[in-house]
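Note that the chains take the letters A, B, C and D in the order they are written out, and that residue 1 is the start of every chain.
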C-alpha cells in the first residue's frame, strides 16, 4: 500500500491560490476555523487523502454509515479578493513525526501543482487561561509578512509561543519555505486548551475574512463564539470567587 | 524480509464469496465469533499470513510445540446460501497504525483475487456495562446495507460507537470501500469489555447464521453464552446489592 | 544506511552446524549461557552485525575505549559431537517488533549460508519465584524434538509459558520453521526474573553440553551458580520467616 | 519526501578537518560548547540538514519569524592548529533509534566528503550531583587517543559512564570507527543533569581550545560558567545545611 493515497476529484484552474490549513489541534481552533470557512463559502472538493499515517479507524456519519479517516482539499473561487483559496481540512493529523513530515510534504506538492505560493495555517495557542478577548498570535516565514499581518491585528511576540509550533500548522510553513519557496503565516487563536473553542476560532476567521475580502456570513460562528464567551465569563467569575475564598482562607494553608 | 509474507495453501474457486473478519479485540467478541464459525463449518485453509507487524512471538500449541503468530484465511463452500465465505482469523492484529493499514490492504488484495465484493467484520462494542441481552450494533458502508441489516435485528445508532471503529474491523471496510469498491458491514456485539465475552459473540454469530443461511450447530456457543449469562446476572445482582447498600449509606459519603 | 550491516570476518566450512542463540532477556539466562559457551570453548568470530534496530549507543570496554552495540556469530568446531556450533551473542535484541523480525530473518539467512538446519535458542522463563532447583522448560518446532529433549531432562508443559516466547528466542524458531525449513528447540531456564541468574544458565548449559557432547569446563559457571544458590536459599528463608510473621499477624489484616 | 534532506551552502577545501559535534543532550553541555565555538570563531555555514527524524516543528526566531528545526555544519579555517574544524550543531537529535542511526550516518558521509578522519563529540555526563569542579570524562575509539587526551586532562574511567554513550555523541564515534575508518573521542563534561550547564561546557571547550590551538575568546563562557558556579556553591551550601538539619532530626525519622 502506498503510505499516502491521493484521490483527485477535480482539477480546477485557480487564480493565485492560497492554501489555508485547519486540522485538529489545540482547542480545535484551526479545525473549527477552516471548516467554518469551507462550509460557509461555496467550496468544491479537489482531493481526498488517505494514509497509513492516520489512525486505523473509520468514523460514523450519523446515519449508520461510515467513512475512512482522511484529509481533504477544497477550493473556493474568490470573486472579490486577489486569491482563490484552497482549504486543507480533515479528521486527523499524522500520528508520528515521519507521518507529519510525509503528509505535509505531500500536501505541499499538491498545492504547488495548483500554483500555491502562500500558506495560511490556522491553529490554537494554549495558554491554560480563560481569556476575555482572545488575541490572535502570529508567526511568519518572513518579516514582510509579519508587518502585513500586524496591520490586521495579529499579535507577534518575541517569545511566544516559546515551544514553537508543532504539527501541520508549523510544518507546512517550515517545509514550504525551505523546500518549496512558499511564504506564509500561522494564525494562532489564544485559547485555554481545555475545550473546543469556537470563540478563539471566530477571531481567527475574522482576520482571514478581512485579509482575503471574503463574502462570508459570520453569524453562526458568532453565535457559537458568544456561547463560549458566556461560559468563559461564568467560569472566570467562579474562579475569581474561588480565588477570593482562597484568599479569605489564606491564613489556614 | 518482506514486511508481510503470504503462504498460499489452496486456491479454490469460490461462489460470490464474502469475507468475514474476526480478530482479537474488545471482549474478543469478533475473534470468538469468527473462530466458532470457522471451527463448526466445514472450512479449509487457503492462506497463512506472517508479518513483522505482528509481535515478535511464538505461541504454545499445548503439546510442547510452538507456532509463529499469524493470521489465516479459511474458506467455506456454503450449499444453502448465495455466498461462499472466507474467514479471516488469527492470533493478533497489527501492532502499529502502519501495520494495521498494510495488513488490511494485503487481506483485501487477497480477497479481491478470490472475487470478494462484500465484507462482514465482527467485533465488540465495549460499553463498560453488563448487559442482560446484548444488542448487536451495526455500521455499514452504504445506506442500503444499513436497511438490509436492520431487518436482521442489527441496531444502528446515530451516535454510537462515538469513537468510530478502530482496527481491522473498521479498516477493512474503510479501505475496502475507498480503494477496492467493496461494500460491507461491521457487526459489533455489545459487551462490557472487561472479559472475553462468548455471550456477545453468540448474538453476532446468530445474525451471520441467518443472513448466510448457514447450517451451523449453535449448541456449544449457546452453552458458553449461557455460562456468561449466569455470571453476568450474578454480578448484576451483586452490583445492585452494592448500589442499594451505597444508597443506604448515602448520608455518610 | 542499510538497516542491518553484516561484516564477515571469516567464512569457515562447518560440519552440520547448529545455531545456538543467547541474547539479553529475562534474567539474562540465555545471554549468560551462550556467552559462557562461547568463552569456554575454542570459538572464532565469523560475523559482526550492526543495526539501526539496536539502540543508538556505544558501550565502554573498560580501558577508556568504546564499541558500537552489536550482535556477533562465533563458531566452534566440535570434535566429539556430530555438529559444529554457531553462537549468536550480543549487546541487545532489536528494539521494535519490526527490528526483531528483520534481525532474526537476517541471522537465519546467514545461518543458512553455513548450512544450519537446527536451532537451539536459550532463554529464561520468569516465574516471579525463587526456585530451589530451577527446571529447564522446553518448546520445540516438532514433536520428535520434544521427545528427544525430554530424554535430556527438559521439561515440557501443556500450558507454560502461557504467553509463548517473545523476542529472538521465539522468533528464530518461528521464522526458521516457517520460512527456512529449520527445526529447533528453545531451552528456558526457570528464573525469578528479578536479577541476572547464572544459576539458571548453569542448568541450561549443562543440557547443551550433554546434547552436543561438548568438552566444556563447567567450573566457573558452577561457582557463579552456587553463589546465586546461596543467596536464593537465604532469601527464601527470610521470605519464609516473613510469611510466618505475616501469618502470626493474620488476625490483624 | 527524502527522510533526510541536505542543502549545501558551500563546498570549501579544508585542511585535514576534524568534525566536532555538540547537539542537545544531558545538561545541554555539548550543545552549549559547540555553539560557543561556532559563534566565537570565524565560522561559515556549509550544510543545512532537515529530516523527518526531527520533531515536526518550527521554532521562533524572536522577531515574529520562524525556522524549521534542523542541524547544521559550519566550518572554521584554523590558522594556528593542524586541523580545520567542522561543527555539527542543531535544534534536535533524531527522535527514534532509526533516525539517530540514519542522521549520524548521513553526517559521516558528508564529513567524509570533506576529508574528515577524526571526530570529537561533546556531551554531558549526568551524575545527579552538583560538582565543585566538574571533570571532563573521555571515551575514545582507540588506546592511542585515550593516552593523548589524558595529557589534556581528560579523565578516563574503567567503569563510567556505565551505560555507555547514547545518541549522536556515541553513534558518530561508533559508526565512524566501524564503517568509515574514522577515529575520535567523546568529551563529557560532568554535570548534575538537572539544568543547562555552561559551567560544564566551559571545561569541555577549554580542552578543545588547547588541543586545536584555537584563538578563542573564553570570556563570555567564563562569565556564564561563574554564574552557574555561584548558584552551585549556594545550592551545595543549602544542601549541606539541609543534610545537617536532617542529621539533627535523625532521631525523629
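Operating definition for what follows: contacts are C-beta pairs under 8 Å (C-beta built on N, C-alpha and C of every residue); 3 or more make two chains touch, one makes a residue touch a chain.
Since we're looking at a predicted model, the values are computed, not measured.
Trainee: How would the chain C/chain D interface be labelled, same or different, where same requires over half of its residue numbers to be shared?
Mentor: different
Trainee: Any idea what the CA-fit rotation angle from chain A to chain D is, to the nearest 5 degrees?
Mentor: Chain A sits rotated relative to chain D by 90 degrees.
Trainee: Distance between chain C and chain D based on Cα centroids, please, to the nearest Å.
Mentor: That gives a centre separation of 38 Å.
Trainee: Need the CA-centroid distance for the pair chain B / chain D, whole Å please.
Mentor: 53
Trainee: Hunt down the residues of chain C that sit against at least two other chains at once, touch-wise.
Mentor: none
Trainee: How is the touch graph of the chains shaped: line, ring, star, complete or other?
Mentor: Chain contacts: single closed ring, each chain with exactly two partners.
Trainee: With touch defined as at the start, can you tell me which chain D residues reach chain C in the complex?
Mentor: Interface residues on chain D, with respect to chain C: 94, 97-98, 100-102, 104-106, 138-143, 146, 156-162, 164-168, 170-171, 173-175, 177-179, 186.
Trainee: Can you name the residues of chain B that touch chain C in the complex?
Mentor: Residues 1, 3, 5, 7, 48, 50-60, 62-69, 95-96.
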